[in-house]
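Each of the next two complexes has chain A plus one other chain: chain B in the first, chain C in the second.
Right after this comes the complex of A and B.
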């Protein structure tokens, strides 16, 4: 994109902070993992049957979870992309809730709703992963579906295509890239899933991610953990590479159509189908959350508020809540700032800094557990012995949130026509004034959404925290995990109360984000 | 023959028009004019089966098609903004209706070449449609509609947005093509000169409402 800022040297300065942060705290630790794992004589570990089983289980449960997610997300996307219905905004927010829930909360919720004989099973993991991803996947596909001009469907119909043939010959090919991208993200998230597997899988259902933690923190086999981490990174990077290459030559995506394809539900058949799909999806989204809330007030089969009172009076737990909130504020500020700088440098640099987009994807590809492991093995000697440093945990959280923060801001920034900036310039505004009065005013809602998402990521982050959180400075997910690992119904109820707190926070965040998005689209439609 | 009898259309809770009647004979080219927002496009969409009418009936060659779905009507339509399928090449766009009808590939290929040569675009058969000029895209849209051999072809302001020179050339080519093939056409336009140049009869939408 060519903008009026292209000639400004300031663009080069914008890119420095995100590049330095990623190079020092992501690339260096990953490089260290690779170098260290190749130095050790632990390659034989990969030949052991136990590890082969872990790799195989990680792969197939991710594939099945991805398939299940698509099976639920596609019909849901069909309804949300093609129809207008009552309480659509509320429904969309509720369906999006699972993805923003901390992974440990999802694990805890399914621990509560599934019968005991389903705990520690592959089915439990697949169901929880499907729950976690279906709303987000549906939103990704819906966003692309809404971009398909409704008159394309009309053209196909006048050429003799029945609804089924229209779907096969037109809709599916036009959605294929979005579906492939969504499937790739879901597969990666299932492959690197940590909190859900720690809670629901246990030692008998270990994935690569939990095995890395188990080896490093419980067996003391750091070299083995690094080798598995390197293997996981290679698998995910290869998958991204192959999928990106495969979808590179796809046709150009059309822009947002001027007329909406969402129509009111008219026929009885449409109403029944939409009501069924929306009801099932909404129930699927909220029942696990209601289950943890119920369990938090139900100890030893009787209703009591003891767990909630303990949560707000126990020094150990209140300290954890305080620490979590402090870390969240720092991580949110850092991630939003780095995301904003990255987005600006990509959007304004006329492709010179396009690689930053790839750099900021690294924390997703690498996984939080590998990032945590990489940080503790890299920053372990003076003067860089930062393993116990207070700033390390919020910094790691910020890096995990950075890919999301950047991707919330970038599309909004890229959609600003340069003619607006040119108009501002010819009216006498300097580039700085233009940025503040045009760009910043347009992206500030996206920046607030990015901040909200970053705060949620930080509050629920469990993978990197498992390595970096120190005694006395435990975050809420670590506290939940500790409470769950102790015997006693009252301690379990406290864990459920904390999980409910995290869920309430996530619910608030998703409503804030969606209300911003809806206000924006309402404004767009009036423009 | 297309017969529209006392049709009323309610669109977005307001009545666009009531009791509209129109008959188009076989092989006839009729142009329909009217101011913007008078409901010309909506009328075409109702005839094509893309929107429902509130009252009245539509008959095609004696058959009542009022409640028939669009894909079963065999009424073709060229949209104002072409609506070429972006994932298909020029040839594949033109062949779309043949593929839907499972026409054998060899026959379909021959037909596509024949129709593309009629619109002068045989050399672009493998081109992606996103790289076409405005005039080329319009010709592809016409070829795609004609290859299905529709009983009636609906043209929704097909030459809007083209520059004057291209507009004149395409208007001439389109007129020749439709007459040579004997296609029954309802052409909607706000341009009275364009309507007179292409049609056997020019009607004003407001005159059709009783």
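Right after this comes the complex of A and C.
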């Protein structure tokens, strides 16, 4: 893209901070993992049955979870894309709730609602993965469905197509790319799932991610962990290429048709079907969360506020709550800042800087667990012994959040027509004034969303934290997993209380900043 | 109008930014002593009565496994004598502790580590976790235990045995002979009766697995576990679940009358029972015991090495050692420590427990655990 900022040298400076951060704290650790794991003769590990079992289990549970997710998401997308009904916005937000919950909270929730004999089974994992993914899958498909012009359907119907034939010959082909795309994302998320598996899977239900943790942190087999981590990175990178390849030749970004295809429910049959699907989905989305809250005030089938009182009085736990919040603020600022810088350097430069876009994707591609492992084995010698440094955890959180933050800001920045800036510049504004008055004003909301997303990522981050969190500075997810691993009903209840707290934190962050962005936009549109 | 909005937004960002910088600054200030904050609140006020050897008050962090439960005020004497506070930090199972200590070797999370046992010792020393120290009580410590640490990398603090325990009444009621050997456990008489904590995540579980290797050899132990699995053995993640939830002989409501536990579990059942039963409700199969020696060590990289040495002296001294039998249910490593009468009366000290060479353990442990996982868990 060519912008009026092209000639400015400042662009080069913008790119430096994100590049330095990623090279030092992502690329160097990953490089270290690959080099060290290739040096060990433990490559033999790849041939052992145990590892093959883990890879196989990881793969098939992801496939089944993806299938389950689609089974629930498709009917839901059908209803939300084709009908108008009461409380549509509310139900849509409720159904999106699972996806913003920290993964450990999802795990804890299913620990509570599933009977004991389902714990540590593949079924528990698959159900939790379905829960986590169905809402956003449905939203992705709905978004595409809404783009199909209703007149297309009308034309087909006029030509005599039955509703079934219409669906098979018209809707499905148009939706298929959106569905494949969503399925690939869900598969990748289930394949790299960590928090849910740590809580719900047992020794026999281990995925690659949890096996990396298990080998490094419990067995003391760091070289084995590194090897698995390298294997995991190779698999995800390949998956990622498939995903981007699939989405590249995607439908052109057609705008929404001017006529909405959402009709109000008319026949009794329509009403019954829609009501059933919507209520099942909504219940599925909220019951697990309510179950956690319920368990936190119910120990040994008696109602008690003991767990909550302990949560707010135990110095260990209150310290953990403050740490979590402090880290979230630092990670949020860092991720937003780095996200802004890298988005700007990509948007304003000619193609020289497009590699930054790929660079900032890295933290997602290599997975938080590998990132944590890489950092702890890389920065372990003076003067770079940063294993105990306070900045390490929020920095890791920021890096995990960076890909998301950057991707929220970049499209908005790219969509700004350069003519706006040219006009400003012709009227005598300096580039700096132009940036503040045009670009910054337009991306402000995106930046706020990026900040919100980064904060929730940090609050719920578990993968990198389980390697980097130090004694006395544990974040809430670490605290929850430690409480769960100790026997005793009162400790379990405390874990449930903390999980409730964590869910509430995530909701507040999203809600407050979301509504802030909304009121701003409402006022903007009135101006 | 536009201007005011831009201002507002800029202000918001400025506030967020300033807040984050502030938070960063605060957390940096804490970084040196954040670990101590909870300890400082309970600082005793008796330092005026004793000569404090250090100008500033030092708080040592003692890292230990979850079941480390000495008498609550046991460190008060130490604080009174030295002016040093001790904060106990529990960090999961012994295996997890050693692994994490290995990853943080040289930049430790605490000053002293309690609870490395002979099955994990080689892992700890190969990762160079500890700074060697010869305690002034060294001569009084159990000689065979001392031999495991010839260079004083760590200091032996207690010994114990991991053995098959059974519910005496359960077998009496059914007129069935309890299992006395490891081999007996594969008999169909004892089908679905045994519960074992996993060797992967629990140290008594690991000791039990090593006992089977000591008994059946490196060629025979996997066959043994296959038969155990076929005979309906239940594997659970930790000792507490095995003993208190699944085992029928203890306070739990479990329905399995055979469990892997300690040689000192029967005295625990007697001493804490109220009213005390006429005969012990549980007993130990002496031929199934594996000797465990536990060590404490100074973590390399601690900022308080001198103080940590004093703590090691205290941990191996008579007062602390005599506290161990009735709190941790282990035998003191200090041979001058007196044992409580009840403890001696009800506990069983096998004369020739099963043992494995620590070097053999260190060379094969990962391989064995992989093998075990394959046979039993998957």
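Basically, the second predicted complex is superposed on the first by the 438 of 527 C-alpha atoms of A that agree within 3 Å, B and C clash if a C-alpha of one lies under 4 Å from a C-alpha of the other, contacts with A are read in each partner's own complex, and residues count from 1 in each chain.
Throughout what follows, contacts are C-beta pairs under 8 Å (C-beta built on N, C-alpha and C of every residue); 3 or more make two chains touch, one makes a residue touch a chain.
The shown structure was predicted, so the numbers you read here are calculated from the model rather than taken from an experiment.
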Touched partner set for A:442, first chain B, second chain C, both or neither: neither
Chain B versus chain C as contact partner of A:165, first or second or both or neither: first
Partner chain in contact with A:155 - chain B first, chain C second, else both or neither: first
Contacts of A:173 with chain B and chain C, given as first, second, both or neither: first
Partner chain in contact with A:64 - chain B first, chain C second, else both or neither: neither
Residues on chain A engaged by chain B in the complex (per definition of touch): 149, 151-152, 154-162, 165-166, 169-170, 173-174, 250-252, 254
Chain A partner contacts - residues on chain C that touch it in the complex: 1-2, 5-6, 9-10, 12-13, 16-17, 19-21, 23-24, 26-28, 30-31, 34-35, 37-38, 41, 61, 63, 66, 89, 91-93, 95-96, 98-100, 102-107, 109-110, 123, 127, 198, 200-201, 237-238, 240-241, 244-245, 366, 369-370, 373-374, 377-378
Partner chain C, residues of chain A touching it in the complex: 48-50, 53, 202-204, 216-222, 224, 315-316, 319, 326, 329-330, 332-334, 376-377, 380, 385, 387-391, 436-437, 440-441, 444, 447-448, 451, 467, 470-473, 482, 485-487, 520, 523-524, 527
Interfacial residue positions of chain B with respect to chain A in the complex: 45, 48-50, 69-77, 79, 81, 83, 85-87, 96-97, 99-101, 128, 130, 144-145, 148, 150, 154
